[in-house]
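Here subunit A shows up in two complexes: once beside subunit B, once beside subunit C.
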Partner chain A sequence: MLKRFISMLILSFILLCGCGPAQTIKPGDLVLAIGGESAEGYDPTMGWGRYGHPLFHSTLLKLDENLNTINDLAVSHTVSNGGLVWTVRIRDNVLFSNGDPLTADDVAYTYNTAAQSGGKADLAMLKEAAAVGPNRIRFTLKYPYIGFIGKLRTLGIVPANIHRTGRNYARNPVGSGPYKFVSWTEGQQLIVEANPYYYGMKPSIKRMIFLFMDEDTSFAAAKAGRVHVVALPPILGKQKIPGMTVHPVRSVDNRGIMFPCVPDTGKKTPEGYSIGNNVTSDIAIRKAINYTVDRRLLAATVLEGFGEPAWGIVDNLPWDEPSIRIKDNDPATARKILKDGGWVDTDGDGIVEKNGTRAEFTLLYYSNDSVRQNLSLACADMGKKIGIKINVAGKSSDEILRLNHSCAVLYGYGSHSPEEMYNLFHGKFAGIEQLNAGFYRNPTVDRYLDKAMSSSTVEESNRYWKLAQWDGKTGMSVRGDAAWAWLVNLTHVYFISDTLDVGASMIEPHGHGWPITANIEKWRFTK
Partner chain B sequence: MISRQTASIRKSAAFLGEKTFRLAMVMCLVCAMSFVLVQNSPVDPVRAYIGADANQIGTEQRTLIAERWGLDRPPAERFIRWAGQIVRGNLGTSMIFNEPVASVIGKRFIVSLGLMAAAWVLSGILGFALGIISGVWHRRAVSKIIDLYCFVLASAPVFWIAIILLVFFSVMLQWTPVSGSTPPGIPAGEITLAQRLHHMLLPCASLSVISIAGVALHTKKKTVEIMQSDYILYARARGESAFGIVLRHVLRNSLLPAISLHFSSLNEIFGGSVLVEQVFGYPGLGKATVDAGIRGDVPLLLGITIFTTIFIFFGNAAADYLYTVIDPRMRHMEKINEY
Partner chain C sequence: MNIRLVSLPNPRQKSAASITACLILLCSLFILNAMIDETGLGTDLGRRYLAPGHGSILGTDWLGRDMFTRITKGLCMSFHIGIMSAIGSSLIAVIMGLAAAVFGKKVDAIVALLIDAFLSVPHIVLLILVSFTLGGGFKGIVIAVCVSHWSRLARIIRAEILQLKGSDYIMMSYRLGRSRRWIMAHHMLPHVSSQFLIGLILMFPHAILHAAGLSFLGFGMTPDRPCIGVLLSESMRHISTGYWWLALFPGAALVALVKIFDVIGENASRMLNPRTKQE
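Moving on to the complex of A and B:
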């Protein structure tokens, strides 16, 4: 009796499964498992859309596939008054997905709200945005800041009259982007549909479902044929998935070693953390490591081929100085640099010394990140070859924040905005958490960085960004002070369904997944 | 007659009054302790909130975020303000979800509730049944098999069992969904009950594993004791069948320890749901707890702590009350004491 009951139960569940997930996705729907859920909702004034595409919203400017800045909502923009006043003219007749018109007032409202909201959209440089006509907006900055152009590219415009009511906009976003919001099951999926009022190219894919799952589950879903686009870690890049092809995308998602650049004189930060390291503060040590590591080998082994050598924090972006590339995997040159710098192995233990100090330091990595762990271990091996002992240790991010002014750390960065380079290498950010953790300070570099930031045009600023890396005499890069040893840029691994054409993907920033949606309105099914 | 009724009402009122007082005390302690713990946690909420954007968010913006959350004020002032709001029933705003804590908990709890309730009832019934069978047929093969099964379950970590089930049923057989509590591609309003159950199947199975073994083993011990008692011997002498003995003597007597144990295992189900929801990507309260902890969302974490405390407190109070319903001796204890 009981047996029959149980088998009935099992049978009925199997029947239920039969009419399960397979039919819930209609033909023509695109299913993506690329992460990117914003737990706090989709409100640009709180920081939604900092990566890739704000999807529901459109921005004033945007990047094209070659990372040139082009107009989106804007038709023109001018910078005047020494970089303090930015004036933007926007398109006429743009409608939000609910049919309301988008005006200069909405733009001004969006920027002013974002500046005061205390979210992740950093508009600290903005004094005020004001509508000066139906389609002209004037932005007044507190100080000249070319990084503001990055904000024009990423901050999605919200409808003031809806957003102002505060009725949970983040969970029911309305915007003027290519897609409109349909539903969001938190922690699970986001459904969007093409926005009928979109002013740009009409997307060929009408309905998309973003599934939010971890990497293992995404991989299982891809293997089961349930998704069209999936983001996977490099370690799974060599896998075969039926009906899908691997789609590697280049990135500035870099990994490198940050060195404390000042000696340990017993000084401490206001929080009580030690500052300085007597080994890595010697430029010969930093340069020698830069010359001896084999970046190509790191990319081929640790990243399974899904990566390429990195030379700076902005590789292959318009503000990258190409001459900073050196010939690495060169222990002979590295040994010569050490010898010229006074580092010699006097006691025959295989490790060089200088004035009684052994060339030994600690390299930290985030203990939950196996790629960083393997990179650290490989670098320690490569350092040993030239007589530098690198002790590798995995720590939590909070522990690293206490140690990063006195120990080398394997960090990862990479952004579509040069602001990051400014925050990472400018002397005025020395010792502020992980901004300029190593207390790197070079007055010439600081001057270039300031000039770049206060430029009025992107072209002018790019010239100074490049000079800050290497001006022929000095710079932050390996040719100059070698403040960091950049190692690799990751290649982001996606698997794309053979029925889908995603066009040419742009070089992606740090953060794997959502950035691939940058050109999503051009995607189409081929079968 | 009337006096007996008022006496029973008075007794219930005393029961309620005592429980309420205890709850208030527990709440005060839990609030203070969790605030102190969170205060001393190494996780910096602003840094945790910024996360991967650390280098694109300047110092001015960090200050602005800290001000929005009131982190620029001293801890004692923060605690008093927070406690004042709690008393008024305002749990605050979650930092990571950017919506009121009460609504986050509400939404997440609905998802978890079905899962936990199903797992709890299932494990109670299964555990009790296995315990009785194993106790009545003590030293037989069936008892040994059940014991072995219980020991394996008791020593296997729940997330491990969850992964095994996931690999077998979802990936190899593809009978069950891989993750989530709803099927992909359907707006929330159009999901059927069958689909929800289908998604709940594996998480529920893994979660129920936690308390099956405990209930079964305790019930078994009690049952073995009962089976060796004089009244069972007498019943056998009267010629009662094994079935009759179980139904009339064993069930009632062994129910008490099972119930007290199972109600007190409510907190284990809560704890287990954290792990299981993580494995199955099931967006319930457990997953929200993990997120809140890792990302330093103090209001949400404290809100969940308070909520869980109340929930488990009522679970235990319900067990206390059920004793008196099931066991007449408990009901009359006071009367006996009076003599």
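Moving on to the complex of A and C:
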């Protein structure tokens, strides 16, 4: 009764303030409340779609459901000159949604613009993209960089003649993707229609309306039957919604504890932030935490069952090293690791010490993220059992950027490209904002990462990505240096209307954008 | 006549009785707080979402933390925050108000300007600014609330005293040769003491709610040491999922705490207000 009343209250509120959506929805429209509103707008050269599937745009390559790289706009691509030159041939006769032809010049323009903008698209490795024929583009890299294939999969192509005018492209994008942009009321809704000129399989859904609401409002709207697809936090995943079925999607959207890996010697970053932590820089502490946390329990309880244990940053992807899985929930081993590392409780207060240093450190999380908060609290109590005192504190993202070189932080990552692993664990990114925030540095790992990045084939690079995690002697993972304590991979919770068939969804990356729409062409109404 | 005097206490006695009752309630809260140990604050993932009565008095939350412990500890924490910041900001208000009214035109102009300036800035902006600068936590919240909330009360007190200055008995006191300071201490302060008390009471729930808001935004208390506002904001989501006890009990506890202060304040003001104290 109470639930009903509150849903009604929230709903009437939506109806009062947001009459827009109610008026424009027509029969046959698909209504989604899955977030993904991009504050910066929808310009791929500024970072839209960097987690994949820009929807209005098409990319040169893409991933299929099994995470194989397949062609999208491209018909073929070759790598030559030791990984420095990438040549891509694109389809003929592709049109943008406004009817203009898409040519190699548009592709070159998109890549050069994105490289120069310095935005989140991050194309620092690209020297130049040049059209060498009506449908051939040659990319010249500054250094061999296998991660470039990830860019080919995520960077949406923009029409040069429209984008160049600079007339607020981000708020009025034109592309060659399966859908074309119709309108966007910021903070409320975004409407797209099927692109009549799309070269691929024509989607059966003609019009989609994305509603932007917070999670609780989405939940109320779903209960009232006003949306077909809704993304909800795990805590609401156990709820029943009439006419909808829960659709859990596995992801590499992981959560883990980043440890500062160097001791505090009073050094500061150029910005004046302290570096290092005398407790977490001890490998015994990091390993002990890794061994004692009960990942399965965290997934089953904090995530309400919508999650799986996480062991690394790239779980279940083709470059994941399977042997990094350990037996966790093992306080006995953890205590032994601590004891062998010199950490003993000498004063009987339940907290271990080593050379007068108490095993106590601060774990930060983004204060507006309840899942991270709950994970932090649960881990703190798991740490207490083996004599490690973890003080938990919620901070804003700005504050965390100042503290993340000296405090442990509960972060979330997860990408379809191993580039992220390179950015987080390579010594050369130490102390650069939140890349390698913990100043982790292992020359062997760095060498593997470099070799992986400069490989000329994906298969070869995958071999080195795996070695960087654990090569039998060392590595970044828990078997080696335990630079992080990875905890869980989220399972993204969607509720899908029983009238809609969305096919099989692929493993999703960290939550930005609309990953579930990756196979939008296959969606259809069944009733 | 005699019988009536015995059976019906006069209003002053009634007020005193209510105040005593409230103080006893408050004291019992502190005694309770001292008696409960902190194990209930820790997570226990095997005992999640227990309804009230199933092994714990007020149920457990989504991490298996005992709600009774959290509410008691939270109430005490909120009480501390509330009382400290309410006293702080009312003191600032009284000092400002008195200064404006007593020290002549120039000081009055400056205080009036300050009051206007602080009233024109949205509370939450000032709160975040101050609390952020001070690094959050208990101290951050208390000082932030003090700094941002004195202006409304200061304006009332200033007006009250300006009005008082023109009243006959103050004029007479001047004529009789009393100094400004003496008049301030003996005539004005007692007169505004009731305003002070009312201001203090009104400030109290404000302070608690702002502490909650700040904690929610990440500038205030951390959730492992809950204040009642944190409990309430956390429970928001759980209302729609049917875990009613997570919201009901902290809410009721907050209302009770505020009501206790209300009763104390009302009765105290009845006993202290120059217009009603002789009843």
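The rule is short, and it goes like this: the second predicted complex is superposed on the first by the 498 of 527 C-alpha atoms of A that agree within 3 Å, B and C clash if a C-alpha of one lies under 4 Å from a C-alpha of the other, contacts with A are read in each partner's own complex, and residues count from 1 in each chain.
Throughout what follows, a contact is a pair of C-beta atoms (placed from the backbone, for glycine too) under 8 Å apart; a residue touches a chain by one contact, two chains touch by 3 or more.
The shown structure was predicted, so the numbers you read here are calculated from the model rather than taken from an experiment.
Shared-chain residue A:432: touches subunit B; no touch with subunit C.
When the two structures are aligned on the shared chain, A:191 is found in touch with subunit B, with no touch to subunit C.
When the shared chain is aligned, subunit B comes close enough to touch A:226, but subunit C does not. In the superposition on chain A, A:42 makes contact with neither subunit B nor subunit C.
In the superposition on chain A, A:239 makes contact with subunit C only, not with subunit B.
Looking at the shared chain after the overlay, A:361 reaches neither subunit B nor subunit C. When the shared chain is aligned, subunit B comes close enough to touch A:50, but subunit C does not.
Of the two partner chains placed by the overlay, only subunit C lies in contact with A:381; subunit B stays clear of it. Touch counts on subunit A: comparing subunit C and subunit B, the chain ahead is B. Judged by the touch definition given at the top, the superposed model places A:214 against subunit B, while subunit C stays out of reach.
On subunit A, the surface patch touched by subunit B in one complex and by subunit C in the other comprises residues 220, 396, 399. Contact residues of subunit C toward subunit A in the complex are 42-43, 45, 48, 62-64, 136, 215-219, 222-224, 234, 236-242, 244. The touching residues of subunit B, when paired with subunit A in their complex, are 42-44, 47, 49-50, 52-61, 64-65, 67-69, 96-99, 107, 170-171, 174-189, 194-195, 197-198, 201, 281, 283, 287, 291.
On subunit A, the positions that touch subunit B within their shared complex are 13-14, 16-17, 19-21, 24-26, 29, 31, 39-41, 43, 46-47, 50, 116-120, 122-124, 168, 170-171, 182-183, 185-189, 191, 209, 211-214, 217, 220-221, 223-224, 226, 396-399, 401, 413, 415, 417, 419-420, 423-424, 429, 432-435, 510-511. The touching residues of subunit A, counted against subunit C in their complex, run 2-3, 6-7, 215-216, 219-220, 233, 235-236, 239, 297-298, 301-302, 366-368, 370, 373-374, 377-378, 380-381, 384, 391-396, 399.
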